[in-house]
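Just so it is clear, A, B, C and D label the chains in written order, and each chain counts residues from 1 on its own.
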């Protein structure tokens, strides 16, 4: 199974991603993009996208970016993750772009930027960085 | 409006909380508990609860705990939040218990512990700490 | 070598701890306390203790607390650490009290509270939580 | 007083920076670089630079970068800061390069990368991101 197929299979198994309407936009070496629509179902109390949506997409994009740099068959878990909410998540959808900061044997440090996309105009809405742990499948 | 009514009204306006099946268990001065069932709809790829579920409940519990210590009519936004995923979220539901570390004029530092509840046995699954900013409503 | 002797030997090898005037107050299972005087040599621009002093003591107290729960001969490195600066570090000295949140095979999550001690009155000044990695010596 | 003069004056008042042998390499709009030599006085137990050195330089570089984007006369305090230790701090000196992620009225999010410089070869050793609060002087 190619890396991309393996990653798309794992993504498809996440009930949460389906619940949020998320889909994987792209998978490349050390770089993954995931998007989900901004709808009332994922809003906070003022109608903007919930911090947990930005977290869900950013954490997944960072985690799958980490997975692309690990040996075939590996899996990763998030050990810890930090998020800064920079601007309200308003627009049509959120797009999270994950990348790898440092890939080690024991740990992978990965990050993601989350953009609010309004009719094609993207605004940085949140930024995440955290620690992924390779685990035996 | 009492503090508790104000907080329950805000909670009820969050589409994300309804989507996750979350409900507010208790609201007290500087202490809020929120729970949601562990179902396939909020799972990660191995069937355990998704990190974003723990984040959603923990962030909300911490944020509403912060709100209980602010003047009437105030609102808070999460500026940044950190989460450690300690043990898999398996069981019947997750319960997040939020509390206030330090309430200042400009910032409130708040935290939450998230427990996996399996038939009444609770295991610490995640812990969060972050910064809330009072905002004008 | 006992755990405590091993930990005190490691501490004594840290040039930074000597430079800061830090000393280890106590070592117990999963709990370590380290203190250093608040002097102009470790101040920020307004004369209070520098954030880096609170970080240095808190990180070390958390790291050595982690070390007490690992097998003999193990060592740990800080993978990542987060600090909230809650109140100015003013008084006679800072005391950091480290403890273990979760000890795993691959990672140990540890935390520390840092208190400003003014004539015996302690005020919580900073709180830290982070990830330690066991490494081969 | 120009921004740069104001920032260099504040830096010169930090006893900790003098104790660590740190000096400010450059100050520009939203970008500050600070360096300090790697010596036994700032080492951890294996002789590499201590995590607290990377923190001290990175936190200061991020904080002063934040200050360059605030109105004249403003000051900032670190509210919270996160650091990933990526590679051992070995070489001649550490160089921290701070920049601004998002400047708001209430908060500034700033970051820093810390490089180990060995005979002119720079390796990324640590990365920090955190929240600065403008305060009245």
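Note that in this section contacts are C-beta pairs under 8 Å (C-beta built on N, C-alpha and C of every residue); 3 or more make two chains touch, one makes a residue touch a chain.
None of these values were measured; they are calculated from a predicted model.
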| item | value |
| --- | --- |
| Centroid comparison with chain D (C-alpha atoms), farthest chain | B |
| A-D or A-C, whichever has more C-beta pairs in contact | A-D |
| Centre-to-centre distance between chain C and chain A (centres being mean Cα positions), rounded to whole Å | 33 |
| Averaged-CA centre spacing for the pair chain D and chain C, given as whole angstrom | 21 |
| Separation of mean Cα positions, chain D and chain A [Å, integer] | 29 |
| Interface hub residues of chain B, defined as touching at least two other chains | 79-80, 82, 84, 109, 131 |
| Contact set on chain A toward chain C in their complex | 79-80, 82, 106-107, 109, 131, 133 |
| Of all residues in chain D, those that touch chain A in their complex | 82, 84, 86-87, 101-102, 109, 124, 127, 129, 131 |
| Residues of chain A touching chain B in the complex | 10-11, 13-16, 18-20, 39-46, 50-53, 55-56, 59-60, 77-85 |
